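Sending over a structure as structure tokens; questions will come in a sec.
Note that the chains are named A, B, C and D in the order they appear, and that numbering of residues resets to 1 at the start of each chain.
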């Protein structure tokens, strides 16, 4: 049976409960075990820290999907000043699973885009669990072209299980809408920084990840398809998702090792939601530094670098 | 749909098999059309471009059959045939899958690219072969697509890619997904030069191939009945637990919804491509 | 009561019938009236020709909507070689009220676009009576941008009561779709020739009429809105449509006098459907000549001329 | 909707009328909100930017009231005020209509254009007045829109046009329809220069104005409840003989359908415009 929920914190809380009971009991029996308890407590904390430094790929997937994990809107509101959300694809609708607008970071105007998951069922029905329809990708295309017009850098925040697989999405051209964003971003004449904040799922995530710099939060993942889907398709056994998670090399560290991600932004022990402010502040600093670096690069050179970077992804042998 | 497309591997003769001997004319074979159940001989099928004469069902075509259909006789010069996939993630079972696909198809990968003439007009032509791991796109397919694009750009001649793919090659993980971005970036440069790219969508064109180079053409043609879409119909069925529309994700459905320029049946495909090339002569196109 | 149908031909046929009866009768009575009949017949023909040279605005409206009038597809198939129709807006649908594709005229590749009315109820249900939805205008935008990419001149054929007024059309942004085509055509870097072949109705027609040369068939009309609508809105009396037709100055000659149309292509007596081949041949010659002229103009100069032409339309006083 | 928008001509004081005296404070007037029926005094309404404090219903605003709302105090410098319509087609009754509109509004035409600052940022501002023949677009409106665009381009400052219009001015026939093409062409040149154009859609924005300059902005704002669309709801009702959706063609409907960036209520409109101008500083924008 595949574990569907990241339950380490629950277990840890149970352990802590037992520990407190033990302390209580020892106090009532007037055993002086202060030093031992101190050691024990430190050891427990160490083990927890160590655990979070050594999560399995599957655990990272579960953590990246954690219901308390900060959403893209949380990050945007913390990191950027003067955020003004823009709506609509001018063609069919406004996709609430994909948000976009303009804002500034340390005084520099930028265009910001991101997948929006909800917190709780109601919000998630509103945002379709962060799974965009074609109108979401067309909104992105519209806003990035506007960013280019106004010479405004683009920052994207990636957090989606994937583009929505549904009848309406197919009717309105999900494939083409994603493809166009990929093509447009590849040659957009302004700097682009992307961050995977949570779940980077498939082509629907990739459409916001074509960039000059790709950052990943340390517990985020980025995968060609969900581990469940891969296990079910390749091994005909969705139950082997955990094993598949490792095979796919989808953790932030894997993606960096593959030469796709540039930087990992460390989350606090327990994950981003355990200390949102700190995480968001870290991310802001990284975004700011990367933006400064990219703005210092001559524009033609920047585009050349972006192309070279994309063009050389992949490994093969040639006879 | 998928079943129809891949259930016909009988048609692809593996040396020594009954099908092989049939195709060599040593057995007079009768194939039952998966759509209308009419019995058709191998020869009849071959002469009719692998289209059922009764119901126009388009049988799956191999990459070389597609080249034979479109390119002028003897004109096709393959390039980059030496590119081979490696198991870059040490993914369990990938080596075996590759070996199997190579021996089954006689191909090194799921895409053949080369230069040819079509009605006398020079062009770069790429064709995919769904027998090769569902023609999923890994590093090699992505690289060969890019090199074909760059060759067409260098020579300033039109590019024709015939897509057929189940999507990304999962065994290559994110390196496979990134091929979507890589091919799309190469096409942006191509379009910048004002050159012509014709995409032909054949059965099936889904996932990462549909959501990258296959959809980024000036002119998008599709074969009748081809499955075309982003998500596979099974995934959609699971997600929405509803009965899907009758012609859902078929070429005809995509035409109705504005996603393709034309549905072109196989017997007139070469003629259509020729006419398109002729109308795009001059300018930057040869 | 407003006349809704152009019935001159019926009346003329009745007259001819009577004349033939008269001839028959005179023959049977052995009256030799050959000379007189010849004169009479010529006189009748003259009167008919004269009638068609002096149709009222309302009669021209009725004639431009005549059920036998050649459709845009008829003209395209006659005038152009190697016509290949293209479909779809890549976004929502394929509008059968708006057709487009590539073809050649005297060996020159061109992009051709036009409104498609049907003949008869069935065809008209299929083509929505030539009234496009936003997807039709988005198909136009896609195909004209492609024409520009391939340096292909654009030819448009205008024949529509107007863009479709319906819920779906509004939901999908009819106004914006038309506006974008107007803007794109105004600066498209290839020569554009437009012909009004039938009914030029309102903004839905205008979207195909922004051009370097505007031709009009002699019985076609081009109006800010239908005479019926104008009468109903301005005079609160749809019954005065005939009077409104004259007030609006919407005949080909009026539009030329206003400096909007450049040339009038004469139709045969009785209208284009009375001799389609001749009409289409005339039109082909005109398109060919105009194209040659436009191709001879340096491109920057052509765009300058187009802009100047548009920029100066309108009359007012300035104090 | 239309009725609500134009039924409030009482609010626009004609000298000597009861409303005039009310607006001058000589009568303490009570206006009944057309949406929620609450009684509101003229003063209260004025202080609340002509928005019902109860239900946020946005009363119609005159062109000058709109300028007062958006432009910094005393900063607005009108230009091209001398352009006046002529009866170029000798259209029956047009002269009388014009004379009536001029005397009713004190304006020469349905559009006021000028230069101003907004939160200190220089901009070109145009506002339409629906009391003037439903702010239909004839030669003068088209010309003034173009000149405003060109002025903004010359000065390299942002352009803000507040649309309100029933469509083309039919009394000018095709010369009026062509203003759609003319203003769209001028905007293409403007956008080419990388300058900012903000369009505000107010009640009503339909027909030829909706299908030209009002829809061609970088950023499209709309007032709550404003009627926005191509065809008028009455025409649509006639055509489809169905009951229309509740919020059909309202600003909220258009937001949902992806046609506008934001709905901005009047009390925060100036602030929103200021913020947008600030975020577009640098580059080509001042």
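Details
One rule holds for everything that comes next: a contact is a pair of C-beta atoms (placed from the backbone, for glycine too) under 8 Å apart; a residue touches a chain by one contact, two chains touch by 3 or more.
Since the model is a prediction, treat every value here as computed from it, not as a measurement.
Identification of common neighbours of chain B and chain C yields A. For the pair chain A and chain B, the distance between mean C-alpha positions equals 34 Å. Rounded to whole angstrom, the centroid-to-centroid distance between chain B and chain D, based on C-alpha atoms, equals 54 Å. With centres taken as mean Cα positions, chain C sits 55 Å from chain A.
Contacts with at least two other chains are made by residues 257-259 of chain D. Taken residue by residue, chain A touches two or more other chains at 90-92, 171-173, 176, whereas all remaining positions touch fewer.
Pairwise chain contacts in this structure: A-B, A-C, A-D, B-C, C-D. Remark: chain C residues 82, 84-94, 102-104, 109, 135, 139, 146, 149-152 touch chain B in the complex. For chain D in complex with chain C, the touching residues are 82-86, 88-89, 91-93, 138-140, 142-143, 146, 167-168, 170-182, 184-189, 192, 206-208, 210-216, 228-232, 235-236, 239-240, 242, 244-245, 248-249, 253, 257-259. Partner chain A is touched in their complex by these residues of chain C: 90-92, 134, 138, 171-173, 176. Note for the complex: chain D touches chain A at residues 191, 194, 196, 218-219, 255-262, 272, 275-276, 278-285. Residues of chain A touching chain B in their complex: 163-167, 169-176, 178-180, 182-184, 186-187, 202-203, 206, 209-210, 222-225, 229-230, 233-234, 247-250, 254-255, 258, 260, 307, 310-311, 313-319.
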